[in-house]
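Same chain, two partners: chain A is paired with chain B first, then with chain C.
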Partner chain A sequence: MPLFGKSQKSPADVVRALKESVNALERGGEKKAEKAQEDVSKNLVLIKNMLYGTSDAEPQTDIIVAQLAQELYNSNLLLLLIQNLSKIDFEGKKDVAQVFNNILRRQIGTRSPTVEYICTKPEILFQLMAGYETQEIALNCGTMLRECARYEALAKIMLNSEDFYNFFTYVEVSTFDIASDAFSTFKELLTRHKILCAEFLETNYEKVFSHYQRLLNSENYVTRRQSLKLLGELLLDRHNFTVMTRYISNPDNLKLMMNMLKERSRNIQFEAFHVFKVFVANPNKPKPILDILLRNQEKLVEFLMKFHTDRAEDEQFNDEKAYLIRQIQELRPVPGH
Partner chain B sequence: MSEFEADNSHYSIISTLGQCYNGVGVVYLAKHLPSGQMVAIKKFNMDMVKDEVNLIQHEIVLTKQLQHVNILNNLVSYVNDSEVCVVSPLMGFSSCRDLLNVHFSEGLPENAICLILRDVLEALEYIHRRGIIHRSVRANHVLLSENGRACLTGFRYSCPIIENGKWQKHIHSFPSKLVRPNLNWLSPEVLAQNLRGYNEKSDIYSFGILICELANGSEPYSEMTTTLMLTEKMKGTTPHLLDCTTIFPDDHDGHGDSALKSLLHNQAKRKFSESLHEIAALCLQQEPSERPTACQLLTHPYFRFNRKHMHLSEYLLPALPLSDKVAYNREDMESLENIRRMSDIDINSYEWDF
Partner chain C sequence: MCNNTSRSYDNSENVEDDFENEREVNNRIFSVESDEELPPVPSELWINDNGIEDDVNICNFFHRVDSDQIIYQTKKRKLKIIGKYVMGDLLGEGSYGKVKEMLDIDTLCRRAVKILKQKKLRRIPNGEQNVQREIKLLKLLKEDKHKNVCNLVDILYNEQKQKMYLVMEYCVGSLQNLLDSTPAKRFPFYQAHGYFTQLIDGLEYLHGMRIVHKDIKPGNLLLTLGGDLKISDLGVAETIDLFAEDDTCHNGQGSPAFQPPEIANGLESFPGYKVDIWSAGVTLYNVTTGIYPFEGNNIYRLFENIGTGKFTIPAEIEEPLKDLLLGMLRIDPQNRFSIQDIKKHAWFLQRPPRLGEEVPIPPLRGDELHSMTVLPYLIEHYYLPYLIEHYYDCHSEAGSDIQFITERDLNEKRKNDKQQRNGNTQTPNTKRRWKKPISCITVKRIPGCKQS
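Up next is the complex of A and B:
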């Protein structure tokens, strides 16, 4: 036993103590809850220090960390902590996220045991996603979710769940910090794993894009701008070729973009331009798309000539704009119609 | 305590207080109508910014996850039109930089400095323990409340120490070009951008620069070119507190700018305590590991005083805190509105034919 300072508790001891205090916190009771909250925070700090080390101590050895992780799996404590997150104090909530994120990254060779564990306990993910509905824990859950989204297996569970569609509400909540955090997670889920994302978007095209439409029409400026920008990125990603082809065949989508081109906000105009260009550049324009472009041929050319003329230094933009103008000028009705 | 809601109609703007984020945002004095409480609202016109969007979001989300009496908290943040609005408690004395500019061009009195520094150290101790490096400790990021509490703000430049699930001993994420305005406060190891990287001790160096800034009144290195400042820092030359122990008669007797001479002449008459000189020197050491931590600095006898007997607002006279009696500044508001209107281009003349 060390002469100075507290003796080191074993991983099993700390996990047991933490579980007992979380259980006590869950049961409630006014006085007891306060004591339980203190105990939870204290034990969380102990676990966090084992994983990260402190200014005086190095992190624990791999063996101890392995034991700790095993205890956390066996005790089902990760889920329990997340279920009771709103009852844990402010700093404790952040410690939960730090412990979770560290354990999640654990690797044995090429295996990620925590990821495998969570695959068998997907409730953890659903609980985390639902966290966006509670102000006090939304950001904590967000950091854990984005860490989870780095792993394809976990991203897949989230994308394929009905709960994923709640993100369309979360990204639009009135508090800016939560909405923008939810958007980061949403974006991560839709872009991180290219092939998985492409498959997801293809299979669920109707559902996803009918929800997405709402974001593009949002009252909230930031939501509108962010979702338009993300749409542009999604459509221009070569993995999403099938999705793009489908998107640019729909005349309603073209109408929306043409209207966004002349929104008040310059940034929205600019982002809309990057989606609009795909419609025009498409060599096989379906008739309804071609018809709209033809009906507005002159106006579009005139409009684009005057569009963001102050971006003289942005070469790529100017090249693209010149290309679009040429394309539109050269549009001719399909013979035989 | 009343609830602050993300509803623009709950806040009535009274006047403009100034700019923030190098002019990207405007700070307003406003009244929270449900409670009658005065608050500060920062408004960022997101349509006018490009790269700063991420910094603004980063700061808002991070600040929400900090809870400390010496860190300025956000009461709520919301979107209204194309503006992101951040509501925070009103800091009656504004920033230390404003105080220096308006009332204390020769520097703050030592009692005030001492109180402010202790609060800043408390904030630094907290964020360092929580794994955050501030990277922008400077007088305009230290705000003072009406009752004399100093709060740290300006977290957009901060970076996490924990990355990839590990506590990093050396950080190599060098601040983006947007950090430019902070160069004079940054430590030599951050500026060096070499493989050794840096850690939270770089904030302690900036804290040392802050001490000199508060004591001397002027922005450190403001009279030098950036390149010269870099060379000086790499050589290990550091600023120091200007008083009778450090200003020699030659300094203010020679020829030159008379305003500067009289400034130096006045500064040469005062004397800061040895402890303050010592603390500044400790913080400004070239070798990061030799600088004390925020936690160690707080145990320095200099910072062990009884707050009850010291009132910051008394030391700050003649400066007075902002109260809710500020008149509505209509002219200001109108010119701002005009600028906003001018920036909209005329696009309504186009009607698409679907």
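Up next is the complex of A and C:
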């Protein structure tokens, strides 16, 4: 107990005070809102200090933190804070993210109580995802989302929700920092938990890849390049073997990659090469794929001969290119046709 | 320039010469001979004791000389530059060659370099193939990096000397070094947990890249100064074909004590990923208990024991760790845990309390801080001739590349070094050989900033 200054408020008091001020903020009214905003920030700092400590105070003991967490769950405050995030001031927004992430990481033995709590209140996740639609809170929501995505249970809820498909819009928004933040969350969700992701891509193959097609055809250069790179990573990951075999048996996908090989940007050409090679290397090419390759046999060989010849020092690439050229040259129609 | 994966130099001396001309450096001390054959130079041994033999003047006479008049030739720290890297001291030595520290001139990143000599490789069974395979895999991984895999940065060749330089991320030692530095040869549980979770993350990534490591053991798990674990040595690793239906592998060449029963029993083919699970299990067993689950006086006995799959877990290992070990060391690879099972296991998910003292990274030749060993070479090359010139006023010696030093100087130097190592690195010593303070900025020999 400090000798001077105010005595420490109990977690219950702080949470109650914060909840009241957030409610006041929500209700609005010019003068009241200003006062409410101040109160919210003040109480947020108190909670943050309990969790992280300050320059001259250690973080609170586990018991106090446990009480605090319990109060936060019971009062439904986490959702309330995120719903009203855009009304909280700049520093306060950052404090919300810090408090949220700290509480999320809390562990008791092998259990993560906050993760369990959020599983019962998935609105929190949906609210966070929708945060990408509001410019001033997008990045705060992004940090919280990526922290959530580290937990398989939460990633699963997000992937399987209808809201996940909004990411295909978020990654294309005109504000660059928001678009790239959204893309890193999107990528995290699709790559972090290998088995979960593979299952998700397999069961929702049609839907995901019809959306993904839009990214590959985007007007936006960054979107096109990033999504093409991620596609390569996804297909070449052993965990996604089934998805890969499915993807490379669709002639439309081959056509798209062949067109991307001819894109103006060399970087996109190069990324497209790494997807294109999988189609050609496939030992069991379905007939439609084989037909396309055969129809373009000469042109492809000629094209690949001249393709990125200045990468003389990249042995891996040159080996692969030589292999592809040989494969295409040796292509013969399936007997009986 | 930074993106080059490999560059070929016919003659590294030429490169060094070019480098010198470009920067107008004084090469009075610098000589273009390679110093690679010399033993590693401990930091205090900058005097070359062997030099006495060469110094005919001393050895050929029988008249008495006071010890403080004996003149030693200074050991030259020859600055060696390969490509855009400055060479430092030896970090370690493996069967394939030496590992030295390096500094990237453009980015100032500390690096480690594996120096491979073709002559030496030919003498090792499968040596050349293994290295070729490793390089191929490393290049594959270079595309997108993972935090827990030791990444390749650059490859340089010296055709004339038949040498290959694999420039890697800088690490300070392996888990084996840490284990060997403690009497119990094991880590407290929380420390083992930290390493194990990183090992599993790295393995998941490798398996996703269709790579079976096949030689997971504490000696191949390196640590950075920041405590990050990096899986290294892909010498016997195998890739699964992009279109292969499953992860069947056909041969195992890893370290015997870490091999699974299917390899010990000599099976023709076996699922590859489960080999790494087993080895990771033996590793976890080893770092938490200090012993091995399977032992034997010779490799036949060892394989016989592994083949039975029977082992005991010391009583101090409690649940849930015990259950994890049993799951990872199941004799049938089909029943053995997968990465997914491990990641969902109670011991993996928990955060063990910090009980017991953490095993620190052992010092390198007495240096606990693992300070950069490249720096003394640079200091000697760029500053020493200048400093000595001022102290001895030895203009007469201009042009010669030999510096002399007496016993007294030597003792003082040792004393200084000792003091410095005792922690007071900042003590200004009045007896320092350099008297004139030199402003770093005015020295013309400092190379200008080079834009990469």
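Structural remarks
One rule holds for everything that comes next: the second predicted complex is superposed on the first by the 334 of 337 C-alpha atoms of A that agree within 3 Å, B and C clash if a C-alpha of one lies under 4 Å from a C-alpha of the other, contacts with A are read in each partner's own complex, and residues count from 1 in each chain.
One rule holds in what follows: contacts are C-beta pairs under 8 Å (C-beta built on N, C-alpha and C of every residue); 3 or more make two chains touch, one makes a residue touch a chain.
As the structure is a computational prediction, the values presented were derived from the model and not from experiment.
Judged by the touch definition given at the top, the superposed model places A:Asn102 against chain B, while chain C stays out of reach. In the superposition on chain A, contact of A:Thr110 is made with chain C only, not with chain B. When the shared chain is aligned, chain C comes close enough to touch A:His239, but chain B does not. When the shared chain is aligned, no partner comes close enough to touch A:Lys87: not chain B, not chain C. Once the two complexes are laid over each other on the shared chain, residue contacts for A:Lys194 go to chain C alone; chain B is not touched.
Of the two partner chains, chain C is the only one that A:Pro283 touches; chain B does not reach it. Look at A:Lys321: by the touch rule set out above, it reaches neither chain B nor chain C. More residues of chain A are in touch with B than with the other of chain B and chain C.
Only residues 107, 109-110, 194-195, 233, 236-239, 245, 278, 281-284, 313-316 of chain A touch chain C when the two sit together in their complex. Considering their complex, residues 5-7, 46-47, 50, 57, 60-61, 64-65, 67, 74, 76-79, 81-86, 130-131, 162, 164-167, 293, 344-345, 347-348, 350, 352-354 of chain B touch chain A. The touching residues of chain A, when paired with chain B in their complex, are 52-53, 55, 59, 90-91, 94, 98, 101-102, 104-105, 139-140, 174-177, 179-181, 220-223, 225, 251, 255, 258-259, 262-269, 292, 295-296, 299, 303. Across the complex, chain C meets chain A through its residues 4-7, 136, 139-140, 144, 204, 207-210, 240, 242-243, 247, 320, 339-340, 346, 349-351.
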